[in-house]
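The chains carry the letters A, B and C, assigned in the order they are written, with residues numbered from 1 in each.
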Amino acid sequence: MTRTFVWILLLAGFLAGPLSVIAPLPPLASPVIAAEGAPPGESLGNESDADLWRRVRRGESFMLSDPRLGAAVLVQSEGEEWRSIRNGPVSRYGGILVLVGLGAVILFALLRGKVKIEGGRTGRRIPRFTMLERSIHWFVAAVFILLAISGLIILFGRYILLPVIGPSAFGAVASAAMQGHNLFGPLFIVGLLVMLFAYALDNIFQAADAKWIIKGGNLFGGHAPSWKYNFGEKTYFWLVVMTGLVLSVTGILMEFPGLVDTMWYLQVSTIVHATAALLVIPVAMGHIYLGSIGVEGALEGMTEGTVDENWAREHHDLWAEKVMREMAEDEPKGAAKPAPGAAE
Amino acid sequence: MTAANAVQTFIDTVDAAAASYMEACVHCGQCARACHFYETNNDPRLTPIYKIEPLIKTYKRHKAPFASLRRALGLVPAEITEDELNEWSELVYDTCTMCGRCTLVCPMGIDVAALVRKTREGFVAAGIVPEGLTGAAQRALDIGSPLGIKPETLRKIVDEQSQEVGIPIELDKVGADYLVVLSAMELLNFYEVIGALARIFKQAGVSWTISTEAYEATNIGIQMGDKEVARTLVGRIVDAAEKLKVKYVISPECGHAYTALKWEGPNLVGRPYDFKVVHILEFLDQLQREGKIRTKGKDTRRVTYHDPCQIVRRGGVVKQPRAILDTVSDGFVEMSHAGVANICCGGGGGVSSNPRAEDYRLRAFASKKKQIDDLGDIEALVTSCANCRNVIEEAIDEYGMELPVIGLVELLADYLEPESDAGEKAKLAEA
Amino acid sequence: MIIVEIIEGPLWYLAATVFVVGVLWRIIGILRLGRRTDLSVPRAAAIPGAVKALFRHLLPHHSFYNKTKLHLFAGYLFHIGLFVVLFFAAPHIAFLEERVLGFGWEAMPRWAFIVSAQAAFAGLILLWFRRIADPTMRQISDADDHVGSWLTFIAMLTGCLALQESNVSLRALHMLSVEIWLIYFPFSRLMHAFTFVLSRGYTGIIYGRRGVTP
């Protein structure tokens, strides 16, 4: 159906010029240029070929030979603008942003080193993430990484991979990246929405966050108050949610172009999609570093579901106190002391 | 050398069923969620399938398909060592009651408890068995009872019970229809059951006896994984039953005794019995349905029933206790997971005979306690396994709870129609 | 493209042979161990018990739904998704018809194929991360669990990357990863696709005789 339509468009494009003069159709949408003498060249009408093509190129719409098709744009002029934005500033500054993000992480790692548990490990564990929370996190993380890699190939592959592996191999890689990106995209949307509901409550900004900002967190050595998530984590969460929603909507438009009737939405979508991705990817790299090797004891929350008591105190003091108070209250009374029930 | 014995036993003991279980396991970890020891300790090592690691390693190294190919490539697990066995002893003996609840949740339907049994057989061969169990086995072999009840003691108890209920009980009666065997715990703590049986059987007109040569059905060999001991203990009952020419042997209110006598016994002695084995609950249910047991009145307390694993989940006696309870109780309520999914008391499979496991056992009871607590005000707990009963009573003390634990047979006997009533009815009928 | 020809020719036959022979060898190897005749008097018949057990263990006992919901959800998502993709996606049916069976059947629409693949990926990702993000799962997992998961993931991923069906090398890459998967299969825990019948069956037989199906 779509293919037929394209063929008609193309055919119409070739025929529109000559036919517009020959066929007894209503006048063109644009004002007819007044004939002042014979136009140059071998044109049949009173308009020069060059002028006509220029109008086509500018994106004016023309009535097609079949009146049922109405007026149509033959050449999408905005497409060229879109292309130059996408392959120009978006790629350039976006690429720089990703590299700057990477550099910042490395620089931080070199300057601050691994953030240690200052009080040492107590050996006592407190529950931080349930199995469900861990599953949601890792699901979104896995899909995010697959999408980031395939997305970066789609955007930057032509500059980085094409010169290295040559056009035929790049053809395969690009096709693969696109198919993979399209397949995993919808999974990200599902994961993002589930994550939004599962994590939102603890990520609402609180009064303690202001103090955290003033102290600059404990990234630079000091101690700053925090509930389950500190100000930085909360900001990252909302950045992921916001950019994620933008990526989702624009992604749906691109995966299902039939949903909108003008190219404009799709062009804007690709630019916005790329911009949002390039904003969140560098920050995600920081998140990955801090959550894994950057902060001693942090990863355990996501792998074991529990964290060391001292880690909790040093990084999330307010939350730690609350959880430990609750655990003390739950401690069963009686002669035999059953261990706390398994965390789901 | 000890480890080598275990290895050889592991190799010999794995059959197609055990192999299928070990081959099919996908390490999904669900069995942990069914295990009361795991749930009350939150210790990954207590995942049921992990408890049998020595058996799996040996199977993979020596017996699994492709084992020789894998060995050539260096892709088999190392031979198990004595240290490993010692380390695993806690997992194999102290934290598994072979209750088989994990099978219910297993997507592959693996009978982990059966694998634990086979693992225990290797431990027995290696001589790595908790002292509590070896001691009990020794007493069972020497004296005839793991708890040290001698024939003289039995005579005394039976005599006492006989006088109390005023019904003569003839020991070693040749040609009786039914041979009653008891559990060690009943003889030690709950011997009122003998009087209860005497009254019920008198009313129902059952011809029965107790043997002084084989009065105990508790089979420590089944629990610890010693086939020789198991065979000897079952053999005693078989010999006595055949000597007395009884038609039936009644398996008592004891979990592992039923498994030992009914399901594993013929395989242990290597031939079908000349008599039939019937569980006491099955038998009472049958008598009741035949109208041979008449009860009067009902217990009004709010009671619940604890299913002994070996009788219900692994024995198939599920409906009978409920039918019996319904005739004598007005306030019977089921606990969550009642029936085949019931949670073990924590002391089956030899765990209660193993002092080393006491902490684990008491902690595991928390799962049972939760079931009971969830019901709200329960006034009594009924069960039909003397070992469960003893374990639960101890744990109830330990947790500072107050809840009487009653044997089902005794409860039934309490509501038997008194003889005078029966006599009057008979007179009326005659008139 | 000699490599592509090898992958789609001899290597395919090798992989298929290893798979079929290996699977049979392993199943026979297990059954060969045999079982001694059970001399106890049964309460009920064994074979109906086995059939019952085969179906009963499709779901855990209802007492455990709440504790196992995540695993149950992810497990079914993955297995149903993979099964549907494997046997009802047009390219797979075409391949089976042309290279293996000689007959084909109705393929499902492409969108359903994509959705099934997404379900399979979602399930597999959840299952694997559950394996590494839980101390209990880590305690009982071994290398085979991870290799099996990853080989399956790679086979599925290369399949998804070749979705445009316009590139011979991408198709060959998918073929190659599937061949590696097939060769690995009989030596690994992937065998549970067949052995589940044996383990459920034996439990059904043993306990069916006792009148219960745990």
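What we mean here is this: a contact is a pair of C-beta atoms (placed from the backbone, for glycine too) under 8 Å apart; a residue touches a chain by one contact, two chains touch by 3 or more.
All values reported here derive from a predicted model rather than from experimental measurement.
Asks: From the Cα centroids, identify the chain that ends up most central relative to all protein Cα atoms.
Replies: That would be chain C.
Asks: If we define chain centres by averaging CA atoms, which chain lands farthest from chain C? Would you check?
Replies: Result for the farthest chain: B.
Asks: Would you kindly tell me how far, in whole Å, the mean C-alpha position of chain C lies from that of chain A?
Replies: Roughly 34 Å separates the two chain centres.
Asks: Indicate the whole-number Å distance between the mean C-alpha point of chain B and the mean C-alpha point of chain C.
Replies: Distance between chain centres: 38 Å.
Asks: Can you compute the centre-to-centre distance for chain A and chain B, using the mean CA position of each chain? Integer Å is fine.
Replies: That gives a centre separation of 61 Å.
Asks: Which residues does chain B have that touch at least 2 chains other than itself?
Replies: Those would be 32-33, 38.
Asks: Counting only residues that touch at least two other chains, what does the list for chain C look like?
Replies: In chain C, residues 67, 134-135, 138 touch at least two other chains, as defined above.
Asks: Could you check chain A for residues that touch two or more other chains and list them?
Replies: none
Asks: If you look only at chain C, which of its residues touch chain B in the complex?
Replies: Within the complex, chain C touches chain B at residues 25-26, 28-36, 38-41, 43-44, 53, 56-58, 60-64, 67-68, 71, 75, 131, 134-142, 145, 186-187, 189, 191-192, 195-196, 198-207, 210-212, 214.
Asks: Could you list, by residue number, the parts of chain C that touch chain A in their complex?
Replies: The contact residues of chain C facing chain A are 67, 70, 74, 114, 117-118, 121-122, 125-126, 129-130, 132-135, 138, 157, 160-164, 166-167, 169-170.
Asks: Where on chain A is chain C touching in the complex?
Replies: For this pair, the touching residues of chain A are 131-132, 134-135, 138-139, 142-143, 169, 171-172, 175-180, 182-184, 186-187, 190, 302-305, 344.
Asks: Hey, which residues of chain B end up touching chain C in the complex?
Replies: It is residues 14-17, 19-21, 23-30, 32-34, 38, 44-45, 47, 49-50, 63-66, 70, 100, 103-111, 114, 262-267, 270-273, 276-277, 312-316, 318, 336-337, 340-341 of chain B that touch chain C.
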